[in-house]
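Following are the structures in question.
You will see two complexes here that share chain A, one where it goes with chain B and one where it goes with chain C.
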Partner chain A sequence: MSLDYVKFTPGFGKFMPKEYRDMVEHGPFGKKTSVSQVGTFKEILEEHPMCAGCAMTLFIRLAIISFPNPEDTITVGTAGCGRLAISQAAIPFVYGNYGDQNGVASGLSRGLRLRFGDRPKDVVVMAGDGGTADIGFAQTLHSWFRKEKFTTIMLDNEVYGNTGGQESGMTNKNQVLKMAPLGKKFEKMDMLGMAKVAGCAYVATVVPNNPRRVESVIKKAVLIAREIGPTYIQAYTSCNIEYAIPTDKVMEDAKEVENDRYKFSEYITDEAKQYLGELYGYKEYLPKPAAAVAKS
Partner chain B sequence: MYLVANIDQSICAATSCKLCTQYCPEANTIQYDNEAGKDKGFKYGAAYVAVDRCKGCAQCVWVCDNMAKHHAIKMEMIDQIGDAALTENITYHDKNTKAVLASPLKG
Partner chain C sequence: MSEAVEAEVKTNPQGDPVSSAPVAPPAASGRKDPHGDAKKQREVTADHMFFEAPREREFITGSEAAKEAVRRSNVDVAIAYPITPQSETMQLIGVLYGEGYVKEYYRGEEEYGVMSAIAGASRAGVRCFTATAGPGTLRGIEPIASWPGHRLPAVAMFTCRVVNAPLAIQPDNIEIAYLLNCGMIVFHAENQQDLFDYIMKGFIISEKNDVTLPVGVACDGFFVTHARGYCSMQDRSMKLPARDPYRGAVPVLDAENPPARLSRDAPVQKSNFMAYNIHGVWQQEVWAAVERSRKYIDYYMEGLVEAQNVEGADVLIIASGSAAAQSREAVRLCTEKGIQAGFIKIRSLRPFPTNELRQLCAKAKLIVIPEFNYVGWLAKDVATAIYGFSKAKVVAGPHVYGGMSMPVEMIVDEVECGLTGKKSHTVPESHIMGTVDPAAMAQFMKSI
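Presenting the complex of A and B:
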């Protein structure tokens, strides 16, 4: 949980794999790196077994690049595709049993605050739609009601992609899938509405076809979760296998879905706005000068 | 044999949009060399692919053709590419990477 845990003992460097040495010497730890600099530094996500062209992988990659302090971040996940990539990053990953990732993250977040006090240690839950909205629904909502200070990210591929294509609560109504041949009978769950009702300080929907926006949303969510309260990001990360999207059309699909039913939305409480403006220099959230108010 | 992405650096260096580096789902795969193309008068470098990490999804091709409209990336059979970047031949510098190009099959 610090920059030091990735460093190797002096003299052992030459025995380490090249990727590891590159990560220690040219990784993002302790530096301010951004999505626009990607390709010029060693990313902390390594090779992973997820499918070629998976939008979820792209989102996870962008999310990990966007963490404000990667050396002080712990990710929590659960069963599902996402954990295959999240666990291949050089930051600690805790694997919660299916559905209890928000419970695990609650304890972790509280423990880190007791142990490290004011030094920010970020806990980020990244789980699929099944882990967050179906099997982990109770623990997710309860962590929000308890105002646990960590970020929950739903990797919403609208299907149980890892187990052959069963419908999830986040699948759209009438959607036919391999293991839902008659089509889903119910509407997609409104997790955004529930997050707001349950008291999340920041709620956003995002699609990974806009990397800078993903970066901005992740940074805000993680920073707000340090002090203000729970934050929730719902990301559309299509499953190109179960929805039969050719890999070179994944971004085209993301663009269409974003324009159609997954428009970017952001909800932020006044307290969180003030916190971001005053502590982290988000000018858009600072009160406007009196002259500008009079003009408008 | 299988397809991997190959970037025409002479087209890429003329625009240097960096979009493909941001849209690749694989980490450390589309890398960026800030010095590439400077001998030809271009200022801002060009992207290249670490072909041993490329899974051949062609998302970068769609992004380059349709979003950037530069048409600099093509999918090519790995044995048809003369010289390419491999992870072991890439050196990281301060905010830059450099690759010594070699045959992807012989290394």
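Presenting the complex of A and C:
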């Protein structure tokens, strides 16, 4: 961890912009912050150029607050709406080519492990449904099969939002969108199933209207990816523009979709449970005391 | 068996001990530590490696020469893909990984994935190597073309093969035409020795602070990769100094220092004046870095070109890669026939030896440029470089492609036709520049 680079060179502090001073003095680097403390610290991502009412932005903001070690976290993304916000965050972000994020993250994570050994350097991929399930599909699946140790987060708005509303592999069947004038002709891709088949140690679905749950899954996913293997989070982050969701109804929509087809789900391997229980104090994953086992 | 008792001290690329290193297997097992020799390798300076260390000559294939270069180059990460179509180079690098000479290695899903992962590893601050060929180069060209802009030092080897339909696996170096405009440094190896030297020197030049660019080392597939040639090599107990991740034009992405603006400012893509300006300036800087590499190529590689018998020669044969080997022989045959012929081999295609050629070609009457591709990318570059600096007639040919070999007599024929004005058998008139017919010249410029 190098907190030095977020500090001021002595004597220069007073000349720095207020935003920067706030980040150094009240930011989350080197502290344990949580979503329940929002408003009491300077967030890594605050300002962004996203559309009003964008659920994806809320999710990205919550996800970044939830990183267990933000000062040692590097995000990787690709073309799409998400990168416009992620690139505004005060942590390094790799924006390479179209759909290359899981390939880049494979090299990055292996290179950092060579240089820093056991010192955690968390690599987190955040890309859209098109970037993950369509153009970056091969690299995503292969990084999982190779058991690359980093987290993949799909920002699933079920549409190519940034390019103006075209069908993606994650669009629901029959949905009419650009490039699907007669409605999409095949089912939403089962990336969750594929993540499990490909060997992810942790797979979860989440919607952004439950901040504590977002925090919980992000923390688990990043921690498990450090030592155990690939982790995957699929987040419903609606596009209120392309799906014409009124700005004040975005959270209602998220709730409805959660109840309908995006129910919270969590899959975790026994190895990952044991690791979280033993190393990070997740009591629910520790073996039950002998007495409790006998009782049950 | 002395290797087995060596205490293992795993170090990071800076040479600091890494506490998490696995414990060495007990010496009592009596089994040889497979990493024993690699662990005993010692770092020497680049100058010692290239200019002072004694060398021994071996008769090896180009792929083996690449392997031996990587063995001595202190490579951290190598990423492989087997075919489309590949030489055996990357599987030999796998052997080095097994022996501990390369720290991290895997077989990627396909070239786009491999080239992306190289981009990730180079961003992490470690030394990276990969190799591909023909269609693989083009499959990976999107990430490859973005390496220079992201200022990612690495060495990639291109063992050139056919890329166009009908699908074939024969040697043909047309893929270099695509690499020339990426902003990366491109060397073209003539033989196994060049391949060995250019790869090792490529790492050092690639990582120079004022360069910080990827280096592509191209050679003609089969002719160099699969055939054997003599290669003089330093002892394998030595390796180049490790990459210093903090000696680069842009910061590495390790969360130890502030990231480069480029990494943070994806909105460079927004359509406004600042976006155009940032992107434009960045491209200028990439090509300025290519220019700055000239001094290192001069220092480590004895210049961007090799010139023989140029003084007083009426005819110059200019070539790169395998065509250079054929051209040397053609020069000998010309001399036997009493023709005063000189030879220029171009080692570095990017940066291009513009000033060198202007000087060397000033007095020539005829320049013949044989190539192993249809389009004649080298002739185009040479003609552009010397235009206005030489009155020589320039013959863009002979060309062979699709796996054909180039008989030396083809080159000699062009020299004789060029000198006598006799009609060439293989090079159309439109590919001969500096003739009296300006229309033919215009046709040539259009056709290449």
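One rule holds in what follows: the second predicted complex is superposed on the first by the 292 of 296 C-alpha atoms of A that agree within 3 Å, B and C clash if a C-alpha of one lies under 4 Å from a C-alpha of the other, contacts with A are read in each partner's own complex, and residues count from 1 in each chain.
In this section, contacts are C-beta pairs under 8 Å (C-beta built on N, C-alpha and C of every residue); 3 or more make two chains touch, one makes a residue touch a chain.
Model, not experiment: these values are computed from the prediction.
For the composite obtained by superposing both complexes on chain A, the positions of chain B and chain C are free of clash and fit together. After overlaying the two complexes on the shared chain, residue contacts for A:E19 are found with chain B alone; chain C is out of touch. Shared-chain residue A:M191: touches no atom of chain B or chain C. Taking chain A as the reference chain, the count of touched residues is higher for C when chain B and chain C are set side by side.
Taking the C-alpha centre of chain A as the apex, the lines running to the C-alpha centres of chain B and chain C meet at 130 degrees, rounded to a multiple of 10. By the document's definition of touching, of the two partners only chain B reaches A:T40; chain C does not. Using the contact criterion defined above for the overlaid structures, shared-chain residue A:V206 touches neither chain B nor chain C, since it reaches no partner.
By the touch criterion stated above, A:F116 is placed in contact with chain C alone, chain B being left untouched.
Of the two partner chains placed by the overlay, only chain C lies in contact with A:L84; chain B stays clear of it.
After superposing both complexes on chain A, the closest C-alpha pair between chain B and chain C lies 17 Å apart. By the touch criterion stated above, chain C contacts chain A in their complex at residues 12-14, 18-21, 76-77, 79, 103-104, 106, 108-110, 112-126, 128, 142-143, 146, 150, 245, 253-259, 263-267. On the chain B side of its complex with chain A, the touching residues are 18, 21-28, 30-32, 34, 47, 53, 55-59, 61-63, 66-67, 87-88, 92-97. Across the interface of their complex, chain C is touched by residues 1-2, 5, 49, 71-74, 76-77, 83-84, 86-88, 91-98, 100, 103-112, 114-118, 121, 138-139, 142, 146 of chain A. Contacts from chain A toward chain B in the complex involve residues 18-19, 22, 25-26, 35-43, 45-48, 50, 52-55, 57-58, 61-62, 209, 211, 247-252.
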